[in-house]
Amino acid sequence: MFSHVKELQYNAKPSQPDPVYAKKLQEILGGQYGEMSVMMQYLFQGWNCRAESKYKDMILDIGTEEIAHVEMIATMIAQLLDGAPAHDQEQGAKDPAVEAVLGGMNPQHAIVNGLGAQPNDAAGYPWNARYTIASGNMLADFRANLNAESQGRLQVVRLYEMTTDPGVRDMLSFLIARDKMHQNQWMAAIEELEQTQGAVVPSTFSTEHEIQDVAYSFMNFSEGEESSTGRWANGASLDGKGTFEYVQNPGANGQKPELKPSPAYIHGTPP
Amino acid sequence: MFSHVKELQYNAKPSQPDPVYAKKLQEILGGQYGEMSVMMQYLFQGWNCRAESKYKDMILDIGTEEIAHVEMIATMIAQLLDGAPAHDQEQGAKDPAVEAVLGGMNPQHAIVNGLGAQPNDAAGYPWNARYTIASGNMLADFRANLNAESQGRLQVVRLYEMTTDPGVRDMLSFLIARDKMHQNQWMAAIEELEQTQGAVVPSTFSTEHEIQDVAYSFMNFSEGEESSTGRWANGASLDGKGTFEYVQNPGANGQKPELKPSPAYIHGTPP
Amino acid sequence: MFSHVKELQYNAKPSQPDPVYAKKLQEILGGQYGEMSVMMQYLFQGWNCRAESKYKDMILDIGTEEIAHVEMIATMIAQLLDGAPAHDQEQGAKDPAVEAVLGGMNPQHAIVNGLGAQPNDAAGYPWNARYTIASGNMLADFRANLNAESQGRLQVVRLYEMTTDPGVRDMLSFLIARDKMHQNQWMAAIEELEQTQGAVVPSTFSTEHEIQDVAYSFMNFSEGEESSTGRWANGASLDGKGTFEYVQNPGANGQKPELKPSPAYIHGTPP
Amino acid sequence: MFSHVKELQYNAKPSQPDPVYAKKLQEILGGQYGEMSVMMQYLFQGWNCRAESKYKDMILDIGTEEIAHVEMIATMIAQLLDGAPAHDQEQGAKDPAVEAVLGGMNPQHAIVNGLGAQPNDAAGYPWNARYTIASGNMLADFRANLNAESQGRLQVVRLYEMTTDPGVRDMLSFLIARDKMHQNQWMAAIEELEQTQGAVVPSTFSTEHEIQDVAYSFMNFSEGEESSTGRWANGASLDGKGTFEYVQNPGANGQKPELKPSPAYIHGTPP
Amino acid sequence: MFSHVKELQYNAKPSQPDPVYAKKLQEILGGQYGEMSVMMQYLFQGWNCRAESKYKDMILDIGTEEIAHVEMIATMIAQLLDGAPAHDQEQGAKDPAVEAVLGGMNPQHAIVNGLGAQPNDAAGYPWNARYTIASGNMLADFRANLNAESQGRLQVVRLYEMTTDPGVRDMLSFLIARDKMHQNQWMAAIEELEQTQGAVVPSTFSTEHEIQDVAYSFMNFSEGEESSTGRWANGASLDGKGTFEYVQNPGANGQKPELKPSPAYIHGTPP
Amino acid sequence: MFSHVKELQYNAKPSQPDPVYAKKLQEILGGQYGEMSVMMQYLFQGWNCRAESKYKDMILDIGTEEIAHVEMIATMIAQLLDGAPAHDQEQGAKDPAVEAVLGGMNPQHAIVNGLGAQPNDAAGYPWNARYTIASGNMLADFRANLNAESQGRLQVVRLYEMTTDPGVRDMLSFLIARDKMHQNQWMAAIEELEQTQGAVVPSTFSTEHEIQDVAYSFMNFSEGEESSTGRWANGASLDGKGTFEYVQNPGANGQKPELKPSPAYIHGTPP
């Protein structure tokens, strides 16, 4: 069960409205790697967690924090939209600077949301649940989480570069720091699990049911062999159980497929 | 530019048709973490690559391999659908075993695809491009790739457990081995990049624009402190630049938000 | 069965082209609360109607009218796009006013639709059927309809404020009036049903299978008690069968969830 | 900012696993009118609220409660999936009862989620943000909320009828009671606003810009006049400002549309 | 403007309920090539039509007919759902035949739609507007229409094979005939346009801006030359303006792409 | 199985960056009729092909070519984004020309993709698999393919008109030529199949199960008879088996639908 306090986790106060920037900021609210994604991903991982209770508690701690991040960014966007020129101004129609602003803002911010935030991304595309994963395998999911915090922090940093508003930058500085912690947090949890389980997900599948001779081979399917010089093609494999091999001309070892004609009731192409 | 050979990369020959299993197998073809996802993710990362050429070549090698994996699974599904009882059988309507099969298969396999594979997942939901990311930051993207190969192998292993067909299991054994290599490959590439850039994405953002005092704090937002016992709350941070701190009662340090009334032309709730 | 006459229900004649406004107007054509939504929602409610015939007839009357509204707005948009500067003009590239217009219009209007309307919203997002509901319970559905007409009229009014074109405003004045009637219509139908069935949907579920002691309690899950002063926390409940109660500190009365470890064939995190 | 306690708001304990029912229960978790929808709808309405503080507080109270409802249903689904026969059982393949269960469950519950809940509906379709609205006009939005609680309670009641498991029914009895309260709550808030603003959304648009002679007319666009006998076609309009009129043969008063040929650079059909 | 008559265009009367078949029949109602697709595609093509009035009239004739097809199928589905065993039957839970039916039906038909049709396909996926096209070029669009009627009739025929219910088959026999007419209709309209414009869309683009030496070459990008024996690789091209050429080893004639490093503010991978 | 060479099929070198045009060019990469659509459509048709091997080989030839087209356009877009003003420029904020550019570009190109191409269309909407079809009936599918190449070429031509950049135009000239060939190719394959099977899809359904008297009737459902003058209403039908008939007032020959009240457990509107 959850409860709410009115104060935000950190300040979300722009120095002045900027409806064009409001559109851009939607990306880290309702985008593929926005705060809604980590919020819902962590909450579902926590609720579905079948592992030790320290994991369940930890995941729900961070999931609960993320709701507060959604709240901060939504509040920021609403304020960036204050006074947005949604309203027709006859002279404005002739002023290219005003027109430019109108062109760069998201018209739904005015028409649909009455100068409020949307649960959408910077293209106006709605958030959806396929942005998230809760697989029941914690090592797999923590890798999803580390990725989400990496993509997320990258996007916040890019948005930091796109504004000079000190109030907006202040809030982003907080989110950038939290995303650093969250990357560190998932790296720590991953390290813990890899030490006990091994590095390959899932660790519980027997290698005897695996085609061993392709389990450590780098296959060169494109002309040119620059790829032979990387760590992935040389030395011990990262799971500590094999040695990387570079296969210059990987063969096609399967059948040449020939499907049966379809039965009459399917009305495929007649033979 | 690409070219095609007719032989599959590995065998894809079921011992017998099984339309119910065909529906399940769609998950690793057109699902969130299916082969279409890694194929398109790697191809776009390769085409957009602005880093050293060994990365571009390597990413396109693996992207090209993934097209062959999509091909193998599509071929397998088409064969699993051979002889599917799409056709009404009057006596069948009274035979619960036949009805059960009809209930468990995806009717679109017959109606829409004429006993062929779909670019969809096990729920019939179409593959879409928001399953992929190409951010231009290779460390971020390789973490996305490691996650995709981890979730993907987990799903293939679960599907292996759901069948006893030796032909299907043979193909899955190949994919499971390749997904092990691909996890190792991305771990190797990540290690290389972390050693030169540091572990936090992006590494190029100045820490002076980050709120330092929350950059290594684990915040306990849920009752109970089981989460305090994990690696993420104790010791040196994984980026080697800080020390984890456990904050038992994290405060709300932002403002209590109060938005301005909306302007008249927005027709919000009148004051 | 349906038939068509060529005249529109009301005029749809802009005074001059305005491709940027055409993009905005898409919201009330193919948006969440656009005319396509009410058209399809009412048609499906009518076709599925299992209640008295006066309801079926009434719902299909209004559903049929809505097709005419889609037609009017589509016609308007096509005319607003006449002469759109899709075409590159070399000097235009240096004229900020022309560039601004190009920036604010939807490029698909030219590339995909050849200066015609799209079945999409103002962000270019396609209309989809999850915008509609036909539940088989008329009181529930008439509330959906009243909501749709309320959100819809609000959006049309906002679009009225965003233009000064007298021809566009003339058409919107007609739609605004019809949406007023449609709000009144659904309020009337709701009143009729509430008087015979009661106000809570569904009215046919026995209260003995309901946890009675939380059926009229307002629960305060957020710090601060401003919410205690509203009508929803004081006096008789609106269904006439209870009394509102304000619960200042609502308790958590369920179990502390602990899920069983997953079975081996699921390959979750090993214990 | 938010915090979490481990106990659920109410019990969520099934008497026994039932993976087929788990699939159905997804509807009220991640469906169009599931708990995720009201949770996100209320949170965004609260964060964007520009009206009196008692509204903001009230909306966030109920939004915060809804997160707990999502949590309860997710927990229930995970338990209903305990022991799901995802695993191939050779003899099972011949037992129609087991096959039937396999046919009726959602295979993604095993393959993707490892016996955990999904943020999806009963068809496996992902939750998306276009299920919600926050328009900035409270009367409009409270009607959306009343609709959501009406559709939602109807679905929970139908699911109650589809099980005999006393533990599942116990949880549903709680949700059914809360949805009754929530319908009452929104009816109370609507009554308050209608008394001060009037019944038509938005109330602030001047009637002089509305085509008055169609503002209270019921138009009969379908053969047969059963619709003339309803309240919507007779007597005073519900906003208290007009009288309903029944128009038996509504005319087409607009132009017969003729669009200009498209310019050459559009490459439409040549004249 | 549109009007409605109560009688269906043709009978839609099943001999008996069949909820599993109802799920399948959704494909031709709300699927990619269902009646909703042709209805909306034709209506938008008609409303956007900038060509001769005989085309606009013809397109709207058929678009209006398609609304009646949606109506017939929706009515059929509602009747197929009469008496659906949505309701839990304790003994049923043990009867594999009843369970099988429950497994094969769409649970949303009961939970969401109260035994009514959905605007969705056979997988429960909602209809969306990207299934349609109105490009403003009639030859292009008539090819889209011919395709839609071809895919559509194929699906109806497959559904005909999946039932023995004489009432359902009667309705499908009507739709199969109309789809034959509609294929003929679009073929006729295409023939007319091709004779005046030529066969390649768009016909108005000057060939001097086209790389002529690849305009009639069949390129063999896959090992094996079975493809050399088709009409597409031999003889005069179908537009009457060239000769097909078979290119056995098509070359790569473009540059080897090398992208510039990204600027610092993008925070890509550091060089 | 596939392999890759580094050189592009044809040049993709813009003369200068143009981030606004990059947004538009996305349409033919990841739009409904973009190169991703034909690539995936052809690959799945090839993999599912149950007809003669010359078709399978031919379809995979062209499918493999289309991957190279995706590659060319992605490469072009990345270069058009070089130097995009994603970065805030204080003076720029006051320069309407720079603002206009910012307004017209897709902000996700910077925030999400770090100046790389997206698998999305010109509105930022992600590519999805419902854009494609592989029905198992080759005549149906080749009509889908002819349509795709017609819509696709039309869009490329429109994009050609929207730029004056000689490098961009050079690449488009290549694509326009290939789309001409591909239209010719599908026309040739269609002609071949129509000659052996007949023109109506599917040709294998017995006409005795079709309502013959509506199989060649053009029905006039809209006021005005301009549609009577087309080829579709006069003369021999295009399949050579009937004669077109114009029905001026098509009747409604079905029942007036009356659905049964819903059962109690559905909780519909009470009678």
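Which chain is which? They are A, B, C, D, E and F, in the order written, and residues in each are numbered from 1.
The definition used in the following text is that contacts are C-beta pairs under 8 Å (C-beta built on N, C-alpha and C of every residue); 3 or more make two chains touch, one makes a residue touch a chain.
Just so we're clear, the structure is a prediction, and the values are computed from it rather than from any experiment.
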{"item": "Relative to subunit B, chain with the most remote C-alpha centre", "value": "C"}
{"item": "Self-contact between copies subunit C and subunit E, residue sets same or different by half", "value": "same"}
{"item": "Farthest-lying chain, centroid of Cα atoms versus that of subunit A", "value": "E"}
{"item": "Superposition of subunit E upon subunit F: rotation angle, C-alpha, nearest 5 degrees", "value": "180"}
{"item": "Interface with more contacting C-beta pairs, comparing C-D to A-E", "value": "C-D"}
{"item": "Length of the line joining the C-alpha centres of subunit A and subunit C, rounded to whole Å", "value": "29"}
{"item": "Chain centre separation in whole Å, for subunit C relative to subunit B (CA means)", "value": "33"}
{"item": "Two or more partner chains touched - positions in subunit D", "value": "1-9, 32-33, 47-48, 50, 53, 55, 57, 60-61, 64, 68, 75, 78, 86-87, 96, 99-100, 103-104, 110, 112, 114-115, 120, 123-126, 128, 130, 133, 135-137, 139, 154, 157-158, 161, 202, 205, 221-222, 224, 252, 254, 257, 259-260, 262, 265-268"}
{"item": "Chain contact topology (line, ring, star, complete or other)", "value": "complete"}
{"item": "Subunit B to subunit C touching residues, read off their complex", "value": "154, 157-158, 161, 265-267"}
{"item": "Sites on subunit B touched by subunit E in the complex", "value": "1-6, 47-53, 55, 86-88, 90, 93-94, 96, 99-100, 102-104, 106-108, 110-112, 114, 120, 123-126, 136-139, 193, 196-197, 202-205"}
{"item": "Parts of subunit B lying in touch with subunit A, wherever the complex brings them together", "value": "5-13, 32-33, 53-58, 60-62, 64-65, 68, 72, 75, 78-79, 82-83, 86-87, 110, 114-115, 125, 128, 130-131, 133, 135, 137, 139-140, 143-144, 146-147, 150-151, 153-154, 157, 160, 169, 173-174, 176-178, 180-181, 183-189, 191-192, 199-202, 205, 209-212, 214-222, 224-227, 229-232, 237-239, 242, 244, 250, 252-257, 259-260, 262-263, 265-268"}
{"item": "Contacting residues of subunit B [partner subunit F, same complex]", "value": "1-9, 30, 36, 40, 43-44, 47-48, 50, 57, 60-61, 63-64, 67-68, 70-71, 74-75, 78, 112-120, 126-130, 132-137"}
{"item": "Contact set on subunit B toward subunit D in their complex", "value": "20, 23-24, 27, 31-33, 96-97, 99-105, 121-125, 154-155, 158-159, 161-164, 221-224, 252, 254, 257-262, 264, 266-271"}
